[in-house]
Every structure is written in structure tokens, then in C-alpha cells.
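Note that the chains are named A, B and C in the order they appear, and that numbering of residues resets to 1 at the start of each chain.
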Amino acid sequence: MPRLCRTFQTAPAAVPREDSAKYLRSGLTAEGFALPDWLVPDLEDGTAPEMKDAALENTVELLSEHGEAFAGELWPRVQWGYDSERARDRGREEIETLVREVGAEIDGVVVPKVGRAADVRRALDAVAEFERTYGHDEGSIELSIIVETARAVSDLSEIARLGEDGRLAGLVFGPVDYTAELGGREFDGSRPTWPALLERLSNEASANDLVAVGGPFDQLFEERAGVTFYNGDAYADQVEREAAVGLDGSWSLHPNQTEQANRIHTPRPEELRRDVGRIEAFQDAKSEGTGAVSVDGQMIDEATFKNFANTVETVRRIHETRPRQTDERFDDALLERALALDTEW
Amino acid sequence: MPRLCRTFQTAPAAVPREDSAKYLRSGLTAEGFALPDWLVPDLEDGTAPEMKDAALENTVELLSEHGEAFAGELWPRVQWGYDSERARDRGREEIETLVREVGAEIDGVVVPKVGRAADVRRALDAVAEFERTYGHDEGSIELSIIVETARAVSDLSEIARLGEDGRLAGLVFGPVDYTAELGGREFDGSRPTWPALLERLSNEASANDLVAVGGPFDQLFEERAGVTFYNGDAYADQVEREAAVGLDGSWSLHPNQTEQANRIHTPRPEELRRDVGRIEAFQDAKSEGTGAVSVDGQMIDEATFKNFANTVETVRRIHETRPRQTDERFDDALLERALALDTEW
Amino acid sequence: MPRLCRTFQTAPAAVPREDSAKYLRSGLTAEGFALPDWLVPDLEDGTAPEMKDAALENTVELLSEHGEAFAGELWPRVQWGYDSERARDRGREEIETLVREVGAEIDGVVVPKVGRAADVRRALDAVAEFERTYGHDEGSIELSIIVETARAVSDLSEIARLGEDGRLAGLVFGPVDYTAELGGREFDGSRPTWPALLERLSNEASANDLVAVGGPFDQLFEERAGVTFYNGDAYADQVEREAAVGLDGSWSLHPNQTEQANRIHTPRPEELRRDVGRIEAFQDAKSEGTGAVSVDGQMIDEATFKNFANTVETVRRIHETRPRQTDERFDDALLERALALDTEW
């Protein structure tokens, strides 16, 4: 069962404001359902070119201060580019600084715009090199990549199998760069959603025990009749499509999105109640020796059982580290049943 | 042109009833459109753990009794698991028993939960070994696999190319296990349907002359206003989606489903009439030296011609071994025309 | 940025009419938006078997006469078949004649019905051989293939990487043969559209700097209430779906389709106006040192910027060689702004 990554929240690590670390600070101190599972201080596209140095300083400073107390994982995104040696040099410098200064606080680094498998190997080698240089345990600093170039998608199976060595941890979709590279276009205001690629991303992540995450949704606000409001419906639609095909989590650009995605990637109360009930009915039948069981007109076999067990195990995983979220979402009796259950077939 | 497999009907090989072989017996004695092209005595998920021995005994006994008379193919599904040596050991024992006892009656075995290509090779080797040990002709006992793990999907091209040696015969989709492994979820009561995977399954099967079959549909019954009835509409929708992308057949869990899927995977009378007419018009034009022909406003070239020929050849293939079905479905005059036609371009 | 190929117009190179080169001539002398970016004299499926010799003669004659003046590219389609030595022999002969007689006029040849990568290598070798024999510069005559067999789709990544040597230039989808080979079928009058394959075709083309083109739409005319009319809506829907996922162009069977596809694959005036405005706003902000910019409520980062730059660069590419088209489509002021802009991030 892969690790928890319902939300992958990027925060620009420096913005042209009085407190240039405003968004980073707010991510690091979020609570409840606004707490992202992965917080990603963004040194890349979210930070303006002239603020890159400030972004790295902010990241080092705030992760030193808040890193240990932060309940989620910390994954700075550095610069990179399969087609730009300059970008890769910057990325290597950023990785070195992060590993040297806050290597104990970060879980890994996120590397964008990777190309074919050979380029991903370069990124893996850079992390390994600085991990060794600065005395961290082998494999303690992981790598996630943004899948956003045609070359990376072409080599996706081979890239995902690099996960067998243990350092590669996540595949994150980057639809905006991807659409630009393929020359995709908007019609009637809708951009291409790349459903076949999402299926494949989910598959390759599962085949190699990696985390899979969908892409950002940047139409944060909508205007209607002169009023601007948070565009929650469209984001929820996207997150549900991602959860349906088995992505572990969704990209968040805003605390509101984090609240939504954390909730959508957590089983619904009625979903938990239904699946707990099915497992209990099955276990009762098994202990009575009845064998296969039909519940609500559906026969329960090992394959369907696994889907029910998934629901329960996800809730348990959340409960272990985010009890405030499970306590808020489920009534006590149901949560007790979920925790007490035997989920072995 | 691949073999006939419009229906892949699994029947639990032992159920906790007075006649534990009830469903197996009913499959073996079905007639007309209820006769499945492939009948799959299920020793795996369809049979409760404590009935596995009875399931193997029933299969041996009933296939000995009815196998020779059965007009379709016989493909027992054994236990297996890329991630479970215990399951593979059981699977090998089941394959050995089946090949030894009813090796002449079965067309092959169905192996579920295979992983990467190396695991499929293990299954191929097991069949080859027992085929040799018990003196059957080389290649006479084939293998079909259930594609239901992320690893198998990741290696699908390589796995399908194993068909070049002739023993691998079919790729069958297993969406329930697959969805559990990827962590997919239901929203608004709909499960993910994996359309990109179905396209690829159909492609790899065609590239290697294998049969391709869709996954089971287990919401067999619906309840509305207190009345429970057979859920034929939703199943037909699924079967049509599968036929559209070129799957040879659909999975059936019930004789009603077999009746439906056999019909849907048989050309419709108006489809046969239209395509026979187009081919006749084309052949007339060719013999008059007119060259390219336009029928119903559509130009007929070699590519469109092949699609019309597919329709006719499928009907002929069915007619060869299931004349009751073609006689019931088509009027005599149309069937005569389809049989008499020259389908060469 | 790949070359211009908004339209891939096939013209039967010989038809049973008084002027057997009627369609070819009309393609070669088309003007304005009816001028195809690529004109494809069709020696294959569009030409009846008994007119193949005339087709080759017409192609040689008309390309000699009009080739130099034609503003687009010229790409005759020859015969071929991964499963037919006879078809490949004919294809080689046709390639030889074309290279010998009009090697300076053609940009490349289109080879249909290729199979696995090894078969595409055979086609590449044939072109290279005759290019050398008849004294043309190495690589001056390119190859595009029709992707229309299960084997080619299975090997698509490997085939597309053959583009690294520079001769392979384009991947064109052939849905009619493809559907026949997979055994796909129509339901409710709709044929399968293979969306997952289109995503992959677009990806592999982009990963290897190839042109990607969608398949033909042959329901050219519709009849309603006794009146037959051009079926422009359905074709536009298909072309928009292709443009959305980043295909460079669409297949055209008729000058009307060429007019439509050229227009759809050209940015809309409001699209150009919007993206020019966004880039201007971004460049202003950059020169004022403001860093990241939000325009119309959307933050502009390097990834979104690339999508806007795509729009502008496509217009410039068209303007270079087809100024009549850009002049007709955009008002002078807007075009001036697009040409003057700095599209570097």
C-alpha cells in the first residue's frame, strides 16, 4: 500500500510581498484538512526568475524552523530541464544546498521537465551524490518527478521501473507544460485532459509502488455577475476523475484546494460504512463456513473484497497520522468498527 | 482471423448446494444462443476457499462426461498469483490434475493474476511441462491469461508477443482486481471503465493473433419499486463498448449474459444485409471494370472493403459450428448470399 | 517546432474520367485556404487497381509541371503492406520511379500499412537506396507512414525513435484499416474513434520532432429531407478533437475539408488576440521587475507562457509561407503585434 499523498500542495517559495515567504509559511502551519500530505516549496515555475535566490533562502530558513513539527512530508521542487544544461546545473546547486542545509527535514526533491529515462537517472544520481557527500543515510532522500514532456511519457514504463532501486517515489502529472510541448489547444474553453495518460500514470505507479498525483488546476476563481468566487466545483470534478482511476492524490495550488482534495481522497462516510458492513458480513459468513457471500445482491469474492479492504486501509492510514481528520469525518462508532476489522481475505 | 470467442462464461466449479456442480452442469448443457463459445469452470475467485477440492473434482468429472459433446471450447480457470508462491503452487497442481485427467477435453487453462512477462513465462512452462509429461501433442493445450495487475499491463506488449510461440491464445481483462490494485474508486455509483487499456488490449491481441475478451459485469440484478429484475441494459452497453473497439468477446457470469453477448458479438441482420450489399455492388463494378465504387455515398476502397468482409466472415465462422444461431438470426436468403459471396478484394 | 502540416490532402492520382488527373490537378492549383500544406498524390487505396499505372504516370507528369510552383509540400503515397511481399515490391518500384523522375519535386513518400519497426526500416532503406542511386542529397527525400496496423501501434515508440536519424518525418493515423484489423464495429452509426491511440500518436510525434496527422473522414455528404449537402459539422468536430490533443494536422479528402482544416489548425483571431495580450502584459511586467504576473485571473508562469507562445509561433510560421491566409484571417494591427512580439520567456 503506497504512502499517503492525497495532496501535493505547491507553494511559491518567494513572492514579491513584504513577507516573501508568506505562502510557504502558511502551508507549513496549516491544520486539519488544510494540512497537505506533501508540501512542495516551489523554486521552479511558481517563483519568478529574479526571486530564485530568495526562494532557496526562504526554503532553508522555514524548513529549519518548521520542518520537524510539520506533520506531512516536505518535498521542495527545484529547477531542471532535459533540454537545458543551465537549468540542470541550477537544479544540482539547489539540490546540494537543500541536502546540505535541511537534508534531515526534507523527504525528497521534486524534479520537473525530465526527459527520457537517462535524464531521470541523472536526477537520481545528483540526489545520491549529495546525500552521500553530506552524510545522510543511503536512500533517505527520495525523488519525485513531474511527468510533463513527451519524452518522459514515451519512456514512462522504463522510468517507473527505476523505482525498483527505492529512491524514486512519485510520478506527478504536469499538464500545462505537457500540452504546450504536444501543441494541444483549447476549444470552447476546455483544455485537453489526457485521460489515457492518466490511466497509464496510475498503472505504472502501481506496478512499481510509486505515488501518482494529478496535475494542477489553475482556474482558481470564477467571475459571474460581477462577483468573483472560488471555483470549487470544477476542481472537485477533476479530483474525482483522478481518484476514480487510482491516482493517490491531487495537486493543490491553494489551501481551499487542499481542503477539498484531502476530503475527496478520503473515503466518504457512506463508502466506509458500506465497505465495513460488507467485510463484516463476509467475515461472519466465513466463520459460519458458508463460503461465498452475496451482500446487497453482489457476490463477494477475493477481488471485490480487496476493493472494500482498500477503503478501510486508507482510513486507517489517515487515522494513524491525521486523527483530527478522521475524527471530524467519521462518527466514533463507525471509526471503531473500521479499526477493529479483520481485512484479511 | 482469430477463433470464435464471443462469450467467455465462467461457472463456479463448486457451490454450497445439493448439486455442487449445478452451474458447471448448466453451462455444459446449454443450447442455442445460451451456449457459450468458451466455458470456463472456475476454480479461482468464483469458488469459495473451502470448496476448492470439490471444484477440481467436479471439473474433472463433468468434463469427462460432457466435454466431448460440448460444442464450445473448455478453459478451466486455475489459481495463480504473481505475488504468491502458494497460489502458484496450487495452480501448478490444478494444471497437472486437469492435464492428466481431462487433457483431451480441455482447450487450455486460464491463469489469473499474472504479473510481468517472466511470470507469464512460468505459467506457459507449467502447461508445457504437464502436456509433455502426460503425452499430449505439443501445443495442444493452450493458455489464456487474465490481465488484472499493473505489472501485466505494464508489460502487455512483451506478454502478447509470447503469443508468437503459439501456446498463448487469449487476453482477458479483469477489472475488479485491476481497480483494487490501482486503488481506483467509485463515484456516483460508477466504477472506472479503463477505456485506454481496452484499446491497448484489443491492439496487442490483434498484433499477435490472440483473442481479446472484456471483463465481468457483476451487477446482474437491479431493484426498482420493490421488484428485482435482470440488468440487461447496462450489460448490453458494456458489451457494445467492447465490440466497438474490436474485442472478440465479453465475459459472462450468467446464461442471460451469454445470450446477450453472443448476439451482440454476432453481426446484426441489417449490418450483414448492408455489408453483403456493398460487397456485391463492389464485385459487380469490378467485373465491369469501373474500378472504385461509391455505395450509399461512401467510396469503397480496400480499407473500407475489409470492414465489410469482416462482417461476412464472422457470420461464416459462427455458421460453421453454431448453425442454430445463424439460422435463428438471419433469414435464409440473406444467409445464402453471405455464404456465396467472394470476400477477396 | 515541427513543420507546417495542418492539412494532408490525398488526391486519387488517376480516376476513370476524361481527365484522369482531375483531382490531382485541382490539388496542385488550389489557392488561399484551399491550398493544402501537404498534397498527397494517392497511388494506393484511393486509386482503383486497374488505374495504378496511369496514377504513377499522372503523378510524374503533373509534379514535373506544377511541382516547383506549388507552395506546399508534395508527398505521393505508394503501395506497401507489412504482410504482402507483392505490395512491397510494387511500392519499391513506385518509390524508384518517383525518386528518379520527380525526386527534386517531392518532399518525401508516404508508406501505408507498415507493420513492426523492422518493416518501417525496410521502407526507410528503400528511400535511402533510390535517393543515393539517383544522386539526391542524403536525407533530402523523407518518409511518412500511415499508422494503421496493430503491429505498428504496438511498436509505436520504437518506430517514432527511428525519427532520430532524420528521414522519418510524419506519423499519420489510418483508422479505417486499423478498425478492420482490430475487428472494431459501428454501433448507432458511430465508429470507434481511438482516443487513447491519438494521445499516444501525438506524444510520440512530439518526442521525436515528427509531424502527427489524424485520419480521413469519409462521410463527406449528408442527406436530409431529400437534400444532399456537405457534412461540415462532423468534420469540424473531428478536426477540433485532433487539434486539442496536439496533432499538427488533419487528413483531407476534399477541397472543402482542406479549407476547414487549414482554418481550424490556424489560431482563431480571438485566441491570437488573447495570447498576444498575455505575452505583452508579461513582458511589460518583466521589464518593470514585477516577476510573476496574473492576467485575467490566471497566473502566468513559464509553462502557461509556452502555450501562449505556441499560438504566436504557429501564426508566424503560417505567415512566412502563406501570407494570403494570415492576411485574410487577422486584422493588420493584430498581425503586426504578433510579428513584433518577444516570445522568449
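By our rule, contacts are C-beta pairs under 8 Å (C-beta built on N, C-alpha and C of every residue); 3 or more make two chains touch, one makes a residue touch a chain.
Bear in mind that the values here come from a model prediction, so they are computed numbers and not experimental data.
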Could you work out how far chain A has to rotate to sit on chain C, using CA atoms and steps of 5 degrees? 120
Looking at where chain A touches chain B, is over half of the residue numbers used by both copies, so same, or under half, so different? different
For chain A and chain C, what's the span in angstrom between their mean Cα positions? 38
Express in whole angstrom the distance between the two chain centres, defined as the mean CA positions of chain A and chain B. 38
Residues of chain C whose C-beta touches two or more other chains: 195-196, 199
Where on chain B is chain A touching in the complex? 12, 15-16, 45-51, 148-151, 153-154, 174, 176-177, 179-187, 190-192, 194-197, 199, 218-221, 223, 228
List of chain A residues in touch with chain B within their complex: 2, 157, 160, 195-196, 199-200, 202-207, 240, 243-246, 248, 271, 289-292, 297-299, 301-304, 306-307, 310, 314
